[in-house]
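Take a look at the structures listed below.
In the two complexes below, chain A is the common chain; its partner is chain B in one and chain C in the other.
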Partner chain A sequence: MDRSTDPAPGRRRIGSAVAAVAAGVFLASAGEAHAERIGELVQTDPWEQVGRFFDLSDENTRGLRVAFAGALFFGAACGLLGSFIVVRRMALVGDAISHAVLPGVALGFLWGTDKDPVAILVGATAVGLLGALVVDWIQRTTRIKQDAALGIVLASFFAVGLCMIRMIQNGEGAANISGLKTYLFGDIGSLDRADVATMAVVVVATVSLVALLYRPLLAISFDRGFAASIGLPVRVLDGLFQHFLAFAIVVSLQAVGVVLVSALLITPAAAAYLLCDRMHKMLWVAVLIGMLSALLGVFFSFLGNNLPTGPFMVLGASAVFLLAYLFAPRHGRFTKWLRRRARRRKVRDENAMKAIYRILEREGRPEGGVGIAALAAERGMPEAAVLGELHGLGRRRHVELGDGEVSLTAEGLRRARKVVRNHRLWELYLTNEADYAPDHVHDDAEKIEHFLTELEVAELERQLDFPQTDPHGQPIPGLKSV
Partner chain B sequence: MRDSEPCVGTGEGGGGGDTPALDPAGGGVPALEVHDLTVSYLKRPVLYGVDLAVPPGKLVGIVGPNGAGKSTLVKSVMGLVPASGGWVKVFGRPTRENIARVGYVPQRESVDWDFPVNVMDVVLMGCYGRLGLVRRPGKAERERAMAALGKVGMEAYSRRQIANLSGGQQQRVFLARALAQECDLYLMDEPFAGVDAATEAAIVTLLGEMRDRGKTVLVVHHDLATAREYFDMLLLLNMRVVAFGDTQEVFTGELLQKTYGGRLTLLSEMADTIARQS
Partner chain C sequence: MSAYDIFVEPWASHASSYWPVAAMAFFVTAACGLVGNYLVLRRISLVGDAISHSVLPGIAIAFILTGSRSGFPMFLGALVAGVATTVIIETLHVRSRLKQDAAIGVTFSTLFAIGVILVSVHGGHTDLDLDCVLFGKMDIIMDMPAVFAGLPAVVLTMAAVALAVGLLILLFYKELLVSSFDPNLAASIGIDPRIAHYLLMAVLSIVVVAAFTSVGAILVIAMLILPAATAYLLTDRLWVMMVLSVAHSLLSALGGVHLTVALEVPTAPAAVVVGATLFLLAWVASPRHGLLRLWLRRPAPGGGEPAGEGDTAVA
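Right after this comes the complex of A and B.
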């Protein structure tokens, strides 16, 4: 139940992640030129570089292939676990673990004489989980809430890590230094086969975990209290999840860097969250976006020779997120705007056709032309505005414009009757069944007349026992006429 | 406060002779038995020495003012909140050992309704307990979930995204999930909070049907006005049990005054003192 009060939903993290990208680009470009980049190539022609990127048989780009495989692996792991982080509103936890592991990375370097990925994985994961335990402990023994506890642990562990790195640099065995530095800002070029093999193991384990325990994980993410109440081992599942989260973060560190790795967890999953309405689909989409983002990072880094990989991966993910933000089929801003615009136009069109119909009805003519001036008066609008609308309606073949007058086409007449029918049925329903006074129902009907579905109208008509006239005594167009 | 291990269900002290007498009509083992249960949040006691024996087949309302520990009692019975003393038994055995027979309906606000699942996904979770950790729900589970949705009048909504439900519909989904569990004892935390009148009526009917089929249902309820007509028995709670019994006997001005009136300020001041000193 304490989880339910977690602050900072995943989506809010995006803003700070983008800021971090900018900072990362600045910091990385301010650093010294890196000698060993992917493939150790210096090419000036970008198109040639693109060619080399896709020419996987080139012996000189073997380093690139390693990077390629690594990017796919950790992109997938981050997308998968990030999905749970986003829906559980644990975004800050991912950030905290990724910073807290730094002392563990340093320890791993001290332990092995050579750069040993397994030693680093063990050391970093252990320290990351220790950080998570400290957060938990602070929360349980004081009144400090999770966000503040995470902030404290994140910063203090990170600071310890920075001190340790400096101490190792000042000490003996300085050969490791360059390797250690990549963990801060990330350099996919520093990945070797052993690193990628470690990643592969972590990814396979992560995918198996989620595939095997998908339902229990879903249950504890959605409703922890309920999950515990049906006897699911909530603490064990949480612990397992945090272990795998720490693994995924640690294997991604070398390529993305401590500062940015949490963005790779959150951003692809957040984009998937906007695109999907079901968790299992969201997992797949997040995995794909994660891999795509990581690959984009590798690609641009290779293209630019000296550009850092981490920031480009995060920028790639942010770009995908932006696309999802704008164009997601249901939740996208742009798609929503399009839908709203289409709705407004429909309302405007239908109101215009309805006005023509009402004038004809008042004058007792079944069809024929209506003067533009009369129509403008009926709608209470200037003639120019009415004409503008009518031109649009004319293009859609709902009306025909003549000399100073306008008439409905067959289709226009049908649409007009339908709206009037909806309007009058709804007014009658409100008056008869909901006890509204007849002079209170018009405004409500003005809105709903455009959106009643055929099924709803049929049900209305049935409930009202197929009425002929509305509360004001006007005839309701029959079903056949529309 | 003993750490993570909830004391409920350790069964220490046994089901001995000092438990309250049973309603003879219920007979046999009580559906729920709570003995000397004490619960604290951050060392501040919120429930003191709760004794309770609920006979099976009863519809029980838990009422009391805000902060009386109603939700805490329910969570503690389920083992979700660690107790600092006492024990709980469900049909004669610790909750943990009898978990398949108890269903819990949390407060509607306790979850994020933007979560990417649909109504069917949520109701199927009611079957997760029986399925265990790795088995997937099959046709039988889907049918059971659909039947549960039918009982709350939500069949047509099985594919609806939970974000697109009204408050009353959300509550019905939670109840359907509980029905899919097919338990004998249910504990519901404020199922009437923020629901429309139609849903409230539907839930009352449903609870009556459940009781008639021999289920025992405990409901945390905040509205005294309706408590009297909805429930067979009432538990008046204000950090301790003020009264527990048949509704006609317990719903008296004197007892309600004791529950809601300011008489218990001393108890709550003591709780503050205990919290400060530890």
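Right after this comes the complex of A and C.
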């Protein structure tokens, strides 16, 4: 997709990543504090909470700063890798891997008596990768297709994880239950500084990977055959990508939860996909949206009592996605609708002005009023509809409405001449250059007259050697008159 | 723990009290597994996953409004949510440049997130809580009053659903078969493949909703796919595949109940674990498509096609 020659995209990206990490560490470490976690903050009335949320200097919100830093980190990692997932159409693979890590989380808990982020990271990543491997294996050795293979791995691993969690809960009493629960639906309040530090490492590694291997990753994402043909180690790159995907999923688990973490991979990247046409831009936008979604999740869960944070982050991402879906500059539904509406209006207006011009031309007068009835007959429309159009044109000062008649203003005349000029030049072009019969060119010109640009018209005129009349012998308004 | 404690004791002492749970587990997995055969063959397994996730807000809203965990309102809520899901996925997929997988992912995670929030805000002290979404609640069946043959009403309802699914499949066996394998042939002999598709989706939604209280929202996909995938490895004929998937359901239900008693884990994930083990067995040891066979066959020259490569038609 992006084959432009950016001198050092990698270095710049690493630079900004380091800056972001530094900012995160600052957020996490500044100030000493009473409350280590969000959950320990005293709950007061909602508006006061909103105020405190934005007042980061408050000593009580140090836990919030940790959450903030964490949200920025995993939001960035998920957005970055999610972009590749979305363009590779692997969304459901991400979902399967993220469910499959659950037994690994449980194993991590079994390993140490206390919650140890590294043990959980290693356990979950290993099991997640095993899941990806089994999906691959099932597909390669049996006739079961990808969809069923993903479903089998997703649900079987998840079920094993659930059984293990319940057994741990049965065995060890209440102490571990809360810790494990956070991994299912997410609790950003349970993040501590060790977790955030782990995240920082993963984010730096992920950003470096993408920065260093941007082009190879791009190649295997868009055209694997091409990638293989230029000698790229496709399977190694795939494996590397899956490793980092598993890392990103696992560091996000605690805040988003096993069940919904795939949404944080897919939704921000999907929103970015609607907003951008080039991969390197999409990566940036996806990272920003990922961080924004995570922060929205922190904000909402800060307001609510004891609610899981994962769903809120997903809803934050979904809200951003909805906005992108409606208002994306090029592909948004609403922007497209606006564009279509403006185009329809332009065509309608130009047709009305053109009709006035043609009546005047037929009657041999350069300007003056035209009866509404005559105009309606010319356009083949009821008078009321014509009047409705003319009112709109009058508001834009293209026509002046008189008693039962209408006349073009100077601006209206100029526009009318321009459309007629486009129409007749195009007719002439089709007749002379494309060998159309003169009685077959009107309908085509009727459509294209509204959309020819000035440059195109000038080129037409030059190629036709500055003609004076169209194939039907009618005069073509000159460039000066428009 | 001795071997006796693990293998015999559960059956010796708990058989009668777990009879309804075992029956429920069997009916749920059998109903899901029968539908799942067609999902696997049509390669749309993950539609089942998407539907089971996205009906949650409908179920939660119906539950909050009526306060009851079963019956018609919940089904209506799920139906509305299910239809909304299909419409949203289609809109996203057709009207924007998003691909289908991303459209499915975005839609079902959003709806599921809404459902989880609704459940955790309103369901704290009731039957419908996050545990139910994750694990399903099969053990509460034991406390319900028995209506017939020692089985409470919910189990009988589920049995009726499973029976209805079986009858529907018997009735439309040819239509489903032809339209699953060759939509063009189906159209040419006067079977509209779309009707078969919508019939299947309707049955799928009914089964998923009926199974919700017992197995939750996430494990349904296993109930749908594991029996069919296991059977798919063992046979080339559709009706044999269906019989085998029911057998798989029976074994995983019994095994699940056994694990429930022996390890004190919830029945639904336990049944899935057993089902996955059975799949693993079939994968390794299937006479025609198993890994062992593949491995034994490979060095022998002229031993025929390795099983995984040819996509042998099932019929």
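Here is the rule we use: the second predicted complex is superposed on the first by the 436 of 482 C-alpha atoms of A that agree within 3 Å, B and C clash if a C-alpha of one lies under 4 Å from a C-alpha of the other, contacts with A are read in each partner's own complex, and residues count from 1 in each chain.
Keep in mind that, in the parts below, a residue touches a chain if its C-beta (ideal position, glycine included) is under 8 Å from a C-beta of that chain, and two chains touch if they have at least 3 such contacts.
It should be emphasised that the depicted structure is a prediction, and the values quoted were computed from it without experimental measurement.
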Dominant contact partner of chain A by residue count, chain C or chain B: C
Contacts of A:Phe226 with chain B and chain C, given as first, second, both or neither: first
Partner chain in contact with A:Ala91 - chain B first, chain C second, else both or neither: second
Partner chain(s) touched by A:Arg143 [first = chain B, second = chain C, both, neither]: both
Partner chain in contact with A:Phe68 - chain B first, chain C second, else both or neither: neither
Which of chain B and chain C A:Met279 touches, first, second, both or neither: first
Partner chain(s) touched by A:Phe109 [first = chain B, second = chain C, both, neither]: neither
Chain B versus chain C as contact partner of A:Leu218, first or second or both or neither: first
Overlapping contact positions on chain A, where the chain C interface meets the chain B interface: 89, 143, 273
Chain B - residues contacting chain A, complex: 4, 42, 75, 78-81, 96, 99-100, 102-104, 106, 110-112, 115-118, 121-122, 125-126, 128-129, 131, 133-134, 136-137, 161, 177, 181
Chain A - residues contacting chain B, complex: 1, 4, 87, 89, 143, 212-213, 215-216, 218-219, 221-223, 225-233, 235, 273, 276-279, 281-282
List of chain A residues in touch with chain C within their complex: 86, 89-92, 94-95, 99, 138, 140-148, 150-152, 154-156, 158-160, 162-163, 166-167, 170, 184-185, 259-260, 262-263, 266-267, 269-270, 273-274, 304, 307-308, 310-312, 314-315, 318, 321, 325, 331, 333
Chain C - residues contacting chain A, complex: 39-40, 43-46, 48-49, 92, 95-99, 101-106, 109-110, 112-114, 116-117, 120-121, 130, 134-135, 218-219, 221-222, 224-226, 228-229, 232-233, 259, 263-266, 268-270, 272-273, 275-276, 279, 283, 289, 291, 294, 307-308, 310-312
